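Here is the structure we will look at.
Per-chain residue numbering starts at 1, and chain names A, B, C and D are given in the order in which the chains are listed.
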């Protein structure tokens, strides 16, 4: 860690800070420059966090050298991690497609949509029972009843199911009925939820918050791993920018970048990331091209009647066409599309 | 609501949509233009949400005329609402200053900091027992023990206390020990939490999410009001932008704008909004100048030893100086600083 | 165009505005709702711009139905446009790779870099003689001398050259020495420059401004076409967002979206869009996957010695490896890599 | 400057880099840590820019200690600079109000608007002859004829005039007819224009680019000062963010922050910064409260007929009312409103 002092900081202040650094078990360094005095602290910087050096009135800035996360870091764990959703491995050589409706509306809707998804090559299904909606007047999901429908359809089609959990109190029910938890963008920094999920065994699909930097996102994953659950799949789903022609700006830069930094699998959600049906297939292809391990896509057997997100949902036919095109890009990447029957 | 059809939409599609609009009890309108057919739906647009017109494959765009929120809207409720935190009215002629530490660290720290705040003119105190922290390795708050310290100090100093609630399961404890709930930026769209708070009686200080538009923010408040709790105080605390010289970009434009749209009181958090101690006083003065009803400020009796956010906390002396300057601006605005003893 | 009036607007105001609309040759429409009066204006909305309806004190908002651009629009011109840079067609079935150094530093540097680019499959070369640099203390380019080196190397290698023009006064020189103008992100709204380029014949590679919406970008292209030069190639190069782990956020959503709206070719700059050498190849592959017509990439025979942007430049070997991988994705897209010898 | 090496960088690489640092006249420092080797370079870091250390394949990151600007820095020049626009001092104890129309439309419009502005207390006038407009179909300004009208009205009312310059070729004409140049947000990084203005004597009002960080902005000012013209007035006018309820997000945090870093005067443009007439007065008051040296405001004798930006222009009466309120806040700040007659 590099600590830059303010111009008027005295030698005494520097000495005092260097003593603090040494007392934390790090190697202190004194670097007097012409315009500023700079201090260094070599070793495990995380030990310094309790010193709160940034709060010191004579410290101008603190520049960390090491990343603030550890367990998710590729430096600690060089090999790619593989996370199994049901029997489906995410993060290996295969490319995983998760598909299904935004919200579970009825058994018929869920079954028809998931069956079509499976038929076209999806390895897992999705469907929300608890829906976080911007307006209190929008459909909020079927709740526990929805979870039960999800479990039924998932079993019948032998398609592992991913579903969102929005509250600590629901964790047990979700773990009972689904193969994986999804933490939505609005909950990426619901740290209480993350810690509790860290004590579960089932995998967590952790969506990136719409204002989260890559570092924030990795630290959110670190919350889960720090509690003992290593099964985290990161999911890029678009960030909030000034561009309003699309619902969000899907940040595909993040895919190869985060692959450098972490061993965790990373998938892409082109449905939320664009908000526009016609953009889902092109961005799904771009996701595989830049190194994603899978995609999660919204489909609906009748999008025009969907209770949420119909504008970005693919019809079964559109999904099937996309899968056809996608396969060529998956092959170009030297990978294969994972099927639900391993 | 205005519905723009795609260029190739036929007359039949238009007729079908107009029938749907009429069946919802709205007045349908047909406007054939040269390049596009446009439909109108006059009446309470919220009834149309179940039609999911945006999902229709031949609908290009849907442009609402009315705001999607209702209870928080000034159109429904023209007068300013006054929300009482303990005995302290927020939203009336007075200007309210809430001060105290970011996190409750000990009885001594809390008492000294709050006593100094009161001495300098704060009407309420703040202090976090449950701290949402970006890193799992940072101090996470004292929890229930912190709440109890808060209640003690609050009673002793007769200073109503605001504290953050991060989880439905903690609502009861927070309501027991504090005068008002704070919902942090990361939880602004934790809709389950909002709904539960809507069933409480104590006021909710609702911070703006760092990626939330003004409309998102008002809809979050609508969640609380829709459940029966009218006591919401909005709090601007900075949004995420490309500028990194400050921690966030305090969006003061939002203050006069939201005052046009809602009757709810609005306060400003210049500590989180800037992240820099030296910017707190100037931005506090700007807040009153542009129409805010109060500020919430982080203070600490020894910022250099604070366990969180020390960099942006004022010392008792800095806070006292700020209050001196602030009073002149509060007077210029034709208002007065509210004291804790009403 | 839809005009929403403020709640207190009288019938007289509405009548007056409807008369104005009619006087502009549009069909006026009166739609009195319960909470708001809405007016419509059907026809070529651009005629209304001189009415400045947004400025009217009783107009709440104005919602256009039609796009504000015309010549660049796919509605007017359904087929893809092909723009020739030298002999190299951009926007057809082929995929075009433009490569070369950020700045022209010397004949040797330019020649070696361009020769390697050509050898690995680039169809055009790039190199800047006029460099807009954030700091006045950075290398600002060789100017006219650089242009002459560019012309020499371009002729010798038979590789059409693209180079940036930053000022009206330089247009003539650039047109003499290069095959295409590049307008940089910082000049995307230098409207004087755009108008002058609209009177040239050579193509214009128009980079997206770092704060430009897709609509702003298309309107900038409209400036060029409106003056008579139809040869515009759009270039996505990343927008400014809160994410700082990459230099910019490459907005690939923009590629399929803009392809819906315009007939102009679109290429991607993964070098500036990421700012990180290791991300260039993955994002180049993502560009072809989502529908781009080409890429423009920074290469340097010795990046560690580059006078600008070395951090994002590929070595000849890295570029060659990228081209190998890229070809597989170009084939997956059913296209071919264009060569310089047509 | 701190240079962090990649994990696999050898001791030889470090030695080679340390030699380079020493050869530039800086003091090199070697700091081997457990996970990374860190190098330091103490002295005038700007000398290192030619080393392009960031481009080195084994350098992970480069962290500057010192600001990259020099002449604009408060460290070099501790006292506030005062810049005179005509006889009006900007940056001293006084608070300067510049008012007038967005675009010069006619002698009558300009005269009436400016006369009203002066009557209500403006010290300078504004008015654009060259208008950068997003759409080629919008009014582009009267050009030279507009400049002549500006000079006439300015002389008649003895009100120094500020007007935008968009192109090097127009500098001479603008310098002849106006008291100060304005560089618009879209030209903040038109470095050629900045350099030429650096060779003029008249002051430059430099608006912040809508995607410019504070550092970018100060470096743009450095371009002007580096050429010999010390008369730069910075102008905050809103940045581009995800919030669309206002035209831009006026970043008032920037005012106290930039005052710490630079000696140059800073003013605020609440008209463009909000885009909404009703927000102009509140944000003008906030500007003085947080330390701005003045404001530049759009006024129009008949906003509903304005050819540009009518929606954000104040009527003479609104401007006069704003000035009345503003004076109370200027006094609260211990300053006085500057009049045109010094």
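What we mean here is this: contacts are C-beta pairs under 8 Å (C-beta built on N, C-alpha and C of every residue); 3 or more make two chains touch, one makes a residue touch a chain.
Bear in mind the structure is a predicted one, so any value in this text is a computation, not a measurement.
Q: Of all chains present, which has the mean Cα position farthest from that of chain C?
A: Most remote chain from chain C, centroid-wise, comes out as B.
Q: If I rank A-C and A-D by number of C-beta contact pairs, which comes first?
A: Looking at A-C and A-D side by side, A-C shows more C-beta contacts.
Q: Using CA atom averages as chain centres, what separation in Å is found between chain A and chain D?
A: Here the centre of chain D sits 39 Å away from the centre of chain A.
Q: Distance between chain A and chain C based on Cα centroids, please, to the nearest Å.
A: 31
Q: Which positions in chain A touch two or more other chains at once?
A: 211, 239-242, 244, in rising order.
Q: Under the touch definition given earlier, write down the residues of chain B that touch chain A in their complex.
A: Residues of chain B touching chain A: 46, 49-50, 52, 54-57, 68-69, 130, 132-140, 166-169, 186-187, 189-192, 195, 209-211, 216, 219, 222-223, 226, 239-240, 277, 303-311, 313.
Q: Which chain D residues qualify as touching chain A in the complex?
A: 2, 4, 7, 27, 29, 31-36, 38, 40, 42-44, 63, 65-66, 75, 240-242, 244
Q: Spell out the residues on chain A that touch chain C in their complex, using ranges where they run on.
A: So the residues of chain A touching chain C come out as 211, 213-215, 239, 241-246, 249-257, 260, 273-274, 276, 278-279, 282-283, 285-291, 328-329, 331-333.
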